[in-house]
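The following blocks contain the structures, represented as structure tokens.
Shared chain: chain A. Partners: chain B in the first complex, chain C in the second.
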Partner chain A sequence: MTREALAEELAGQPEGLFTEYVRRWKESGGKVIGYSCLIAPVELVEAAGLLPYRIKALGSAVTELADAEMSLYNCSYCRSCLQLGLDGTYSFLDGVIETNGCDHMRAMFENWMHRVDPPFFHYLKAPHYLRDDALEYFLGGLELLKRDLEEHFGSEVTDGALERAMEERARVRELWRDLCRLRELDLPTVSGSEALALEIRGSAMLSSDYASLLEDFIRERERAEGRKPLARLMFCGPATDEVAWFAELEAMGAAVVADALCFGTRAFLPEPPPGDDPLRRLAEGYLGNLFCPRMYLEYGRRRDLILQTARRARVNGVVYLYNKFCDLHGVDSALLRRDLEREGIPVLVLEKEYSARADLGRVKTRVQAFLERIGGEAAWKGASS
Partner chain B sequence: MERGFVLREGEGGFERAVGILEMIDKFPDALSDEDVEGAADFVYPDLRNTVLGLLELPSSRQLEVLFFRRVLRIFREAQRAREEGKKLIFIPFTFPPEIFWAFDNIFPLCTEIVAGAIVNICAGQGERFWDFAMGLGLPDSLCSANTIGTMNLIHGPGLKPDAIVYNTPGSCNPNAKIHAFAADYLGIPQFTLEKPVDETPRGREFHYRGFLRFLRELEEWSGQPLREERLREVLELSYRAVDLYNEYWELKKARPCPVPNIFGMSLLVLRSQMWGREEAVEVLQRMVDISKERLRRGEFTAEERARVYFAYIYYLFDFYNYFTWAEKNGVTILGDILAIHHFPEPDLTSMDSMLHMLADTAFDYPMTRQMGASSISVKWLEDISRAANDLGADACIFGGVHACKHTLGTISYLRRELMRQSGLPTLILMGDVMDKRHLPMPMFQEEVMVFVDQVVAKKRQSRRRRRGAGGGCESEAPAPPEGEAGERAV
Partner chain C sequence: MGDGEKADKAEKERRRIKSTEAMRELMTRYYVDAKTAGERGVKVAWITSGGPVEPLWCFDVIPVYPENHGAMCGAAHMAVELAEKAEERGFSRDICSYARCDFGSAYTGGGPIGGLPRPDFLVCCNNICNTVVKWYEELARYFQVPLFIFDTPFVRGGLKEHAAAYVLRQMEEYFAFLEGATGKEMDEARFLEVAARSLEAISLWKDILSCAENVPSPMTCFDAFILMAPVVTLRGTEGVISFYRGLLEEMRRRVEEGIAIIPGERLRLLWDNIPIWYEMRNLGRLFMEERACLVADTYTNAWTFDRVDVSRPMESLAEAYASVYLNIDLESMLEQVVALAGRFKVDGMIMHSNRSCKPYSLGQFDLARMFTERTGLPALIIEADHTDSRVYDRSDVETRIRHFLDLLA
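For the complex of A and B:
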């Protein structure tokens, strides 16, 4: 992906949801399945010969149709996504997989079901714990999804096809880790907003093509010269696809050298373990490595992962951002701020409205103040000594 | 008198509420109007509306003194629980308490009932604890009921639980997260049960297995196994209460309704905290007896102008201006989502049968059943329309709570379908369950009265006209002409 192409993504608009890639896929007779939450295993969709497409809003702040269905106390990201379903922008989707990610998302999908009535609608019900019985239940859910995909789209999902899809996805994960290494360099050659743009583009592609995109991009950036940022930040939080918003924050001089975001590194954590049964491996990989606040009895794992990443990336501070009314991330952020600051890592918690340009000035002021507080590299040295 | 929330040394909100209940405990059994007026004048404003809400109307007075006393009894026992070798466990209002009463050495206290006591009894109405939560960096979109309840624990001093239970992962994010947060923050064990968003046999089986594991964990933690005989005793008491609940429900159908509005709040407290104990049976029996007697005598507080079913939950921070005010203005509150129970057929023959009963009760517990359904909107609609139609509601009111994103995200569907399928108009309000700052009571009253005057009254009139034209039997007393709302308490 060239700098020019990235710039296009950075200026993403809702009309960009129907990408050239998706258009070509549809023209060749391919079907597209929308999903929203990371718990939906894209490998299974790909193994059915379908294109998994992660539903997003690309910064669209218009929600008038969605507001007639959901309240203003619902997450504006979910309302923006629903809006694009209701206004026909997502009419290219041949089906939708609902997942019970959070209360907002469940409401979004219910309204999608009632008002859009897509040709294929499947509810993948994911437990909220990682326990043996939860794993078996989730495995059963994947079997039901597989069966429904096969029946509706008339394509058998063989073990061989699933294994191949898993290998291709594994390659994407490996490349994402390579990308992260470039972000974490002392002189990063990849910015946080570029990584976000890549994931937004990649989450509407087959894994094999996403891998090629990443390979090209990494090859280019391995040779590039990095720039020393004013401060090294890690961003944590839920699904957000506001690339332009990220870019504006990075333009203040800080680099987002690591993240634990839904459209970011957390999308690449569900790694299937080795084994003979591919569906079981998928179930274990996804349920066991979601690292999302929707999972209970796992706060310690989430905290440790963030702490470990922050240390490895030598960040000066962590910014935990979430959209207004997101209770899952809102509550986690309070615990994380306490625990990370105890470890000497400054934390800024930013509650914001999705894609509200009017909010940007306030947010930039707070980020600027945070950057002044943490004082860049000197602060990190102080914390680690 | 100091108007703020006064905490004495070593006291938290819970202890303060108990202290004030001790004072109320000294009230005589039979209170005259003058006694109630005197008591209301004696206390600070926040408690005044609780005293008046429970005691002003003769219809509820004789019940609510007993109710207060039984709440106090439970709270006192909670304070002594540790001395008596019991472990104190906080549970949410979405979980059947009888499960915990069946353990010899576990004492359950319902988070939201404690919060309700603090809000309705203590000066300042628990705002101190809400503000404390904000100080910890928690989001302001949480639920005041469980946030005030859990923050009282973290804030201290005072009562501290030995463990926290929650069963709302997946059915209510704010509830589950704040309970988990409190357990993490306090460093105490947390026990959880997931109700999957799945009503199929597969979902029920997953839930049942989880329920058994949940019980095993409680047994290991408490160091005592669940005894079959004790469980049977508790379930026998539970089902005596169920029989009375069914009678209570039938009484609600009468026109005009003889059941005082405030009984809806009492039922919630009985179900969330006392079910499985003698106190629930005793208070419910009194509720049924009073309602039957009122029906027999034809005693009603005001002419019934509207029968409304609350599609969600009540606002519970001002009993007087909510329940009493509605009753005085002829607005019968038939129930809310928390009043809709689905008790399985009792089978106390074996440990296995009783455990299945309990698991099914938990699965179909109010709110857990609807918000934890595979479709919130469809299950919610199904239950509300059945209840509203069964009780002869004229309309529904949705008292929206800013924390409850599941219902806020699906209320449009519910309102549309209630009208389309049952002809029931729905008033949508936005407020909060225990924090008055979101929707002050005068605004609530104005909205409800306009709805009753403009929508419900016209609907009743047109129904009467249709019946008249068809030669049907007219059983309802004629509604007062528009604009003549009768006496209104504001």
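For the complex of A and C:
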């Protein structure tokens, strides 16, 4: 991905959802399946010969049509996504997989099904535990999804095809880790907004092509000269694809050197374990490594992962951002702030409306105050000496 | 007191639901029992309102409901100060106010009954929302007690076989958890006994609610919101059965004698969502003035599940708990709402878009539209919060309700 292409992504607009890549895929007769939550295994969709497309809103704040379906107490990101389904922006999708990622997202899909009535609609039920019975239940859900994809699109999902798709996705995961290493350098050569832009673009591509995109990008950045940021931050939170918003915050001088975001590193944590049965491996990999507050009794794991990442990336502070009315992140953020600050890591919790550009001034002021509080470079030197 | 005043007073007394006193006694006894349980070596579990309570009674554990307590705090106008205690600890104002109120009460022991008794363990079922799980995880951390989570799959178009198996398996795990938490073995005969009593309570509750099908109605759903406390908290016990028998008898007598709860009833309405607890009195007065009777609601009907098959109690209870109103798809919800409208002969529906209860409020716009398409009846959506009065605009809501009622009349 060239700097120019990345700049395009950074200035992402809703019309950019129907990317050149997707257009070409459709023109060659390919079908596109929309999904939203990370619990939906893209490998299964790819093994059925389909293009998995992660539904997003690219910072679109218009919700007029969606507001007639969902209340203002519902997550504004979900309303923005629904808007784009209702206004026809997503008419290129040949099907949609609903998941019970969270109450808002599930309801968004309920409305989507009612109003948009996509040609293919499947509800993939995902449990909230990692236990034997939950695994069997999730595996049953994946079998139903596989069967429905096969029946509707007339393509058999063989074990071989699934194994291949899993290998390709594994390559993407590996490359993402390489990308993270470049972000975590003392002089980072990849910014947080660039990483976010890559995931936004990559989550509308086949894994093999996403891998090529990452390879090219990493090759270019491995040779690049990094810049010392004013402060090193880690961002945590749910699905947010507001690249321009991220870029504006980074322009204040801080670099997002690590993240635990849904359109970021968390998308690469579900990793199937070794084994014989590919579908079972998928079920185990996804259910066991989601690191999302939707999962029950896993707060400790999430906290430890964030703590470990924050230390490895030598961050000066953590910013936990989430959209208003999100009870899952609303509770998790309060606990994380308490626990991370106890460990000496300052935390800023930013509760906001999705893509509220009018709110950017307030947010920037808060981030600026946070940067002053944590002292950036000087504070880190002090802490490590 | 003049003759007119005396007659008014007598008429009010005639219309008053007398069983309310018995309920107050029953609930006071229950809370006293719960608050003194530790002294008697009896265990207390906090449980979500949609959670399977029968197994707790089967193991002689007293269930306590933070949501019921939240409603009490709301009605007593004490919820805001408790919620602020949670907000002081970093919890957002946009999180469910029941949760914030409960955190505040747990941290401070505040509330109309001086807080809830400390739990020995917690049981959380996500058939009503996923917020409850975050809420209970925090309680488990705060009290340092075990937590059992009952994960019910969202049901679209009927419970699929593998989903039913998952729910049943969890019911079995729930019993195993209780064996560990109480040190007692499961007694199947006892479970059947409790389940049968629970079913009887549910059946009586259904019959009581059905009395409002009569014109004029002997009760409003605002009465039902209060009178539902025993079926939520005490189903499975003997006390609740005798109470509801008495209440049913009273309701039937009122029907026979033509005692209307709203004198001169001219409109009949359906209510959707949790009550606005702190505003019950004012809204009650408004509906009384307008001679509009809220004859049915989707909330109290949540405790009327009728799919329980006594020949397979464990399986059918598991299935019933998975298929509650808040855990089913929009079409199925619509079917239930339309059925209620028909049975109770309503003129329209008022939907409370509840800032706190996201799952209840999700889909309400679609539901309202589909309801009108199916029944030809109008629906009004008002905005509030079940216990956080800071977000309530009384004049706006009352004006909208009055306009809506004018339209219906």
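Structure notes:
Basically, the second predicted complex is superposed on the first by the 380 of 385 C-alpha atoms of A that agree within 3 Å, B and C clash if a C-alpha of one lies under 4 Å from a C-alpha of the other, contacts with A are read in each partner's own complex, and residues count from 1 in each chain.
One rule holds in what follows: a residue touches a chain if its C-beta (ideal position, glycine included) is under 8 Å from a C-beta of that chain, and two chains touch if they have at least 3 such contacts.
Computed from a predicted model, the values in this text were never measured in an experiment.
Aligning the shared chain A places chain B and chain C in steric conflict. In the superposed model, A:127 lies in contact with both chain B and chain C. When both complexes are overlaid on chain A, the residue A:103 reaches chain B and chain C alike. After overlaying the two complexes on the shared chain, residue contacts for A:140 are found with chain B and with chain C alike.
When both complexes are overlaid on chain A, the residue A:299 reaches chain B and chain C alike. Contact with neither chain B nor chain C is seen for A:92 once the two complexes are overlaid on the shared chain.
On chain A, the surface touched by chain B in one complex and the surface touched by chain C in the other have residues 68-71, 73-74, 100, 102-104, 106-107, 110-111, 114, 123, 125, 127-129, 133-134, 137, 140, 293-294, 296-297, 299, 324-328, 330-335, 337-338, 349, 351 in common. Taken together, the chain C residues at the contact with chain A in this complex read 89-92, 94-96, 99, 126, 129-131, 133-135, 137-138, 141, 147, 149, 151, 153-154, 156, 160, 162-163, 165-166, 169-170, 173, 329-330, 353-355, 358-359, 361-366, 383. Put simply, chain A touches chain B in their complex at residues 68-71, 73-75, 78, 100, 102-104, 106-108, 110-111, 113-114, 123, 125, 127-129, 131, 133-134, 137, 140, 293-294, 296-297, 299, 324-328, 330-335, 337-338, 349, 351. Taken in their complex, chain A has these residues touching chain C: 68-71, 73-74, 100, 102-104, 106-107, 110-111, 114-115, 123, 125, 127-129, 133-134, 136-137, 140-141, 144, 293-294, 296-297, 299, 324-328, 330-335, 337-338, 349, 351. Chain contact summary for the complex, chain B toward chain A: residues 136-139, 141-142, 169-170, 172-174, 176-178, 180-181, 184-185, 190, 192, 194, 196-198, 202-203, 206, 209-210, 213, 371, 374-377, 400, 402-403, 405-406, 408-413, 430.
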